[in-house]
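Have a look at these structures, which come just after this line.
In the two complexes that follow, chain A is the common piece, with chain B as its partner first and chain C second.
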Partner chain A sequence: MALGAAWAPAAQAADPIKIGFGMALTGALAGNGKAALMSMQMWAEDVNKKGGLLGRPVELVYYDDQTKPAAVPGIYTKLLDVDKVNFVVSGYGTNVIAPLMPIAVERNLLLMGLFGMANNEKTKYKNYFQIMPSGPEPALGWSQGFFEVAAKQQPKPQTIALVGADAEYPHNALAGAREHVKHYGFKVVYDGKYPPSTVDYTPIVRAIKATNPDLVYVASYPPDTAGIIQAVHEVGLPVKMFGGGMVGLQFAALQTKLGPKLNGVMNYEFYVPEPTLSFPGINEFLARYQAQAEKAGVDPLGHYIPPFAYAYVQVLGQAVEATKSVDQKKVADYIRANEFNTIVGKVRFAPNGEWAKSRVLMVQFQNVKGSDVAQFKKAGTRVVLYPEESKSGTLIYPFSKVLK
Partner chain B sequence: MFSLDLLLNAIVAGILIGGFYAAVSLGISVSFGLLDVVNIAHPSFVILGSYTAYAMNRFFGFDPLLTGLLFTPIFYALGVVVYRLYYLGFERKGEESLRGLVFFFGVLFIVEVALLLAYGVDYRMIEAGYVGQSFHIGVVGIAFRLLLPCLVGLMITVALHLFLSKTFYGRAIKAVSQDSQALRLMGVNPVKIKRIAFALSIATASLAGALLILIGPVEPSIGREYIGRVFAIVVLGGMGSISGTLAASVILGVVESLTATFSGPSWAPAVSFGILLVVLAVRPAGLFGR
Partner chain C sequence: MGGNRYIYFAGYVVLQYIVLATAWNVLGGYTGYVNFGTAAFFATGAYSALVLILAFNATLPFQILAGALAAGLLGLGIGYLTLRLRGVFFSIATLALSVVLQTVVSNWEYVGGGKGLSIIRPKPPALFPSHAEYLFVVMVLLAAASVALAWWIEHSWVGRGLAAIRDNEEAAECMGVPTLRLKLFATTLSGCLMGVAGTPFPYYVTLVEPGSVFSLDYAVNSLAMPMIGGTTTWVGPIIGAVLLGTAQQVATVTISSELNLLIVGIVLVAFVMLAPQGIVGLVQRLFRRRGA
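Entry: the complex of A and B
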């Protein structure tokens, strides 16, 4: 049974355009999955209020994939063969997009992807389009900002410590960082991995401190992100720049608990509420999202995945309207050839389906006071330092200045 | 990179984290070591303790350690219920070995899912004035976030040791682990004694959970990260030996800390389990086992 549907009463007479997907509503990634679904429902509401697509209401048909890749083939087979959906889009995350790729290729489907890391690298499927703004070379785009900002400082930093969890994402992020290290000519003085079950991070931070690096690039998951930042404050780490690829700092849960300890930390982001990223519709979207978030039990800020979950169906909708068609090939051809105005800005896709140009932001936490979540809803706590066109403030440099 | 400063800090950090490991492992030492009940759900009770501390901190501003202490009677009662179910369903029928293991797997999932439904998948952290504060003794830095769990771990160890060696019920628990039939002949009901001991092991999870959330953020399934480590500690220390559990916890903590500092953190679990294998090869009963 489909879990939900949304359409406007005015358009009920017409045959709906069905968009099918699996989404993580339980399991490890349910927090983000639920937030993504809420955003997609907001998009369906908006479209239906305006009379639907091609005069037909939009209906979302979705099932809980439980964050399990094994559930994906069954869900999509049912969506296509039983529910007869017009389009499928992916659920949240690299691991559930991977089992969907062969289905899309086999059936020649247009597939919009939601935050998959390099899912199309092997398949090279031309009708796959992915909304996470990591650019055509995700591993490089991820840390480009950190290294570009570092290389511009005078005098130029010389040494770097690389550290990350022994898991898939940190491996990729650190591989990209190593490429940049070579390119910018830094010297690696520490390159370490730690097991995800690590409890205490003070020995790791002390070991890094002993190598006296200028820069520290960290690729971590939420529990280690918190552990490392706490250890940095307890041990003291007199470095020039710290952070980079720390997962978890995008969400209110860690932001509010770490509070002022975040000041000076640099990190990747996809959207932050700075004036330089004020795209049409984003503020209205966030106001609506934030009003519903607490009741839905999802991240109260909604800066990470929700705007992009709205945007990936927005792209699909705009392409359907422009081609006046629900034909997979026609719509896919249109998406490949055109630029889209979305609530996350202008989106154009590269031949491999990733954003044509990376827009991974490098931000620095500044002016964080106490643990109030409201401060993170406004501009000024996560200042954008990269890319240049989105820059909204100046780097506090060195990091050790903030630690004192 | 080697320096005396780094070495001293690594040893102290290892001792501190070892004290925390002891707090988590003592419950297993009692249930697995003394009662032969393979409670693999123990870490999930520890996480339940963490979430209790989190909830009381968030809604009433309670200090996590105070919550941990206040809730030990409730966790004790929970332990009584779990043991009753286990006894009636499996132990009484002599089916405790494999089916009992499945039972505790079930308990683990129920606790995890209940926490997931109540709190979601986000990581939870605690607010307390001393979290993030540290002080120095010479070159050695000590974080309160790690010092308090170590001290509480030591206190639980001492309290449990005294209870088991000085009180009637404590001695009866030791006796039931050796020969329950003989205990029955002495006029003591071994089931009751086992129930008390098991409930006591769950009661320690209340405090251990409060310590865990002091050290770092938790999410409902994070207990699985600890299952291997705590069972290894209990086996290394010697089954049922409380002082052995403490010694093994500190040894593992120091070994992990030294490895993380000097050879790369990735090696820490391999070195810890390597030590376990070597000790078992030389002393199959563990360090303090009889």
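Entry: the complex of A and C
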């Protein structure tokens, strides 16, 4: 497997432009890693059909990083020193980008990152660009929408419960949420953590219910996301808004498992198939992706990582074409200074390599009926409430209305 | 873009396993006490180094000394606590140690807790163009020192004492072998060397997080490598580490993936069934037959 190559006959004459990376094809993040790889291969196919980059075919050279940070230094030195790739891009996730940063810095490489959380905070490397749209301050951007939407309601909600797993992501998300709580002047009536191995979430939901909050912000991983939503329906939670930072609801597996129980739940998203987010090329991309997804054994919707995995190499490709160069510095300078039109919309990077402006969406599940996956492929089940320019529906408020 | 540094990074991993396999063999091979907690000692080394980097910006030699000391003390402590545990019970205790330590560091915010901590490594010493070469040379020295220690144990009264414990602990004690002191020595030295193997980890990966440092790979490989190479001599763990370590490195960039551990499992089962004395035992048997 190791080496992947795809180019059209028209472009075979010239030396390929090689893009190297490690990707999680096994291990904890393999599901998303495989979907990301498939998207990148679709980009390479698209580019090569049009004659490649600078008249040269694009070749993807990749290895399985097994979702192990310790495998990254070996893989990338092999890509650079043995396979002689022209560019490297990161694999999927914060932990495999971290070991790649020093290699990029030592060798002055341009580095495109895929879904890394604040990887450049310490390094402050100017040639690093990251495609997850969490904005220049990721922890704040993540929950901005939830709090802005809440603050606009009349009468304004007063109290909030914050809850999350005792693990990496929930810690970060809740830290950002606490900043917003201060900013918007809500009163925290519950601030609790639970062990990630928790099985029964009803005691937690009962404890929250006992404090009678107006809002409940949840930062959870997939197993607890499902557990909490089920417990909310079991116990009943008469609150005004619920959700916010629940990982897992972006994927078909949990959406179809929970079905109508999702109605009224708020959550963050990066892309949903609403008419306000129909960027050029996204619908064609998703149609192709979804046609291949089942066979490849990846998420059948492909709304979360795949479009962004396509977009981060799309940015690289556009910069190579614009500079007519494969020089690391020239291409990096161009990416830093320009805006790109991608399938996930217009992308411009901040000096720290994150999106210049956060585009974390706050959506609410509405009109979910049964557990058919097809309904999530169309507009209407996850309406966008934030940001304003992408708004596609109105908030069902209070949340307790849909619980009845 | 520099020369070919890949060979140094791949070599580093193989050398790291020579240290770990040799360290495991001091307790597992010579003394007969099977340790499933390699990752705990390895992590003690890695986290000691990380603490020194965070607190004092200490250089690698100091990190190695601190890691050796901390992991050695942990080995001594475990030796004391588990003296009465033999066979499978001792092994279970070492496995539990890994779980306990992982829980502790996952909740220790100073070292990054569960999400881990990235560090920025300083410039390598003047002689070395990059960290790839520097860490490789450091690991060569550590591997050489570990093997030298194993060789010394094997050829001294200590090794004979440990072998006596392995064969029959009660009989050894009756014969006047200081079993308590020797076992403590073995757990301390073994732990110390495993810790040493972990100390360059923060500079190698630049991210120290519990998932990587407490990886099952370390426990499985450090056990499988001496078993495959041969547990009775100092050269066995080296042979095992070079063969398996290289195979895994090649697999990562060719057939790839978690097949790595599968390879180890299949080879281990094959050796346990067909050549329980490992490659060294196989070769010795071959020579004996020829001599006969």
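Going forward, the second predicted complex is superposed on the first by the 402 of 404 C-alpha atoms of A that agree within 3 Å, B and C clash if a C-alpha of one lies under 4 Å from a C-alpha of the other, contacts with A are read in each partner's own complex, and residues count from 1 in each chain.
Keep in mind that, in the parts below, a residue touches a chain if its C-beta (ideal position, glycine included) is under 8 Å from a C-beta of that chain, and two chains touch if they have at least 3 such contacts.
Fair warning: this is a prediction, and the values are worked out from it, not measured in the lab.
In the superposed pair of complexes, A:257 makes contact with chain B only, with no contact to chain C.
Contact with neither chain B nor chain C is seen for A:367 once the two complexes are overlaid on the shared chain.
Of the two partner chains placed around the shared chain by superposition, neither chain B nor chain C is touched by A:278. Looking at the shared chain after the overlay, A:98 reaches chain C, while chain B stays out of its contact range. Contacts of A:394 after superposition: neither chain B nor chain C is touched. When both complexes are overlaid on chain A, the residue A:82 reaches chain C alone and has no touch with chain B. Contact with chain C, but none with chain B, is seen for A:171 once the two complexes are overlaid on the shared chain.
Overlaid on A, the two complexes show chain B and chain C touching the same residues of chain A, namely 26-28, 166. Contact residues of chain C toward chain A in the complex are 1-6, 8-10, 13, 113-116, 118, 120-121, 130-132, 201, 204-207, 209, 211-212, 215, 249, 252-258, 260.
The residues of chain A lying in touch with chain C in their complex are 1-2, 25-28, 63-64, 66, 68-75, 77-78, 80-82, 95, 98-99, 101-102, 106-107, 119, 122-123, 166-169, 171-172.
Note for the complex: chain B touches chain A at residues 1, 3, 6, 9-10, 13-14, 16-17, 20, 116, 120-127, 131-132, 134, 141, 143, 145-146, 215-219, 221-222, 225-226, 229, 256-258, 260-262, 264-266, 268-269.
Of all residues in chain A, only 26-31, 166, 192-200, 202-204, 206-207, 210-211, 222-223, 226-227, 230-231, 233-236, 248, 251, 253-254, 257-258, 261, 297-299, 371 touch chain B in the complex they form.
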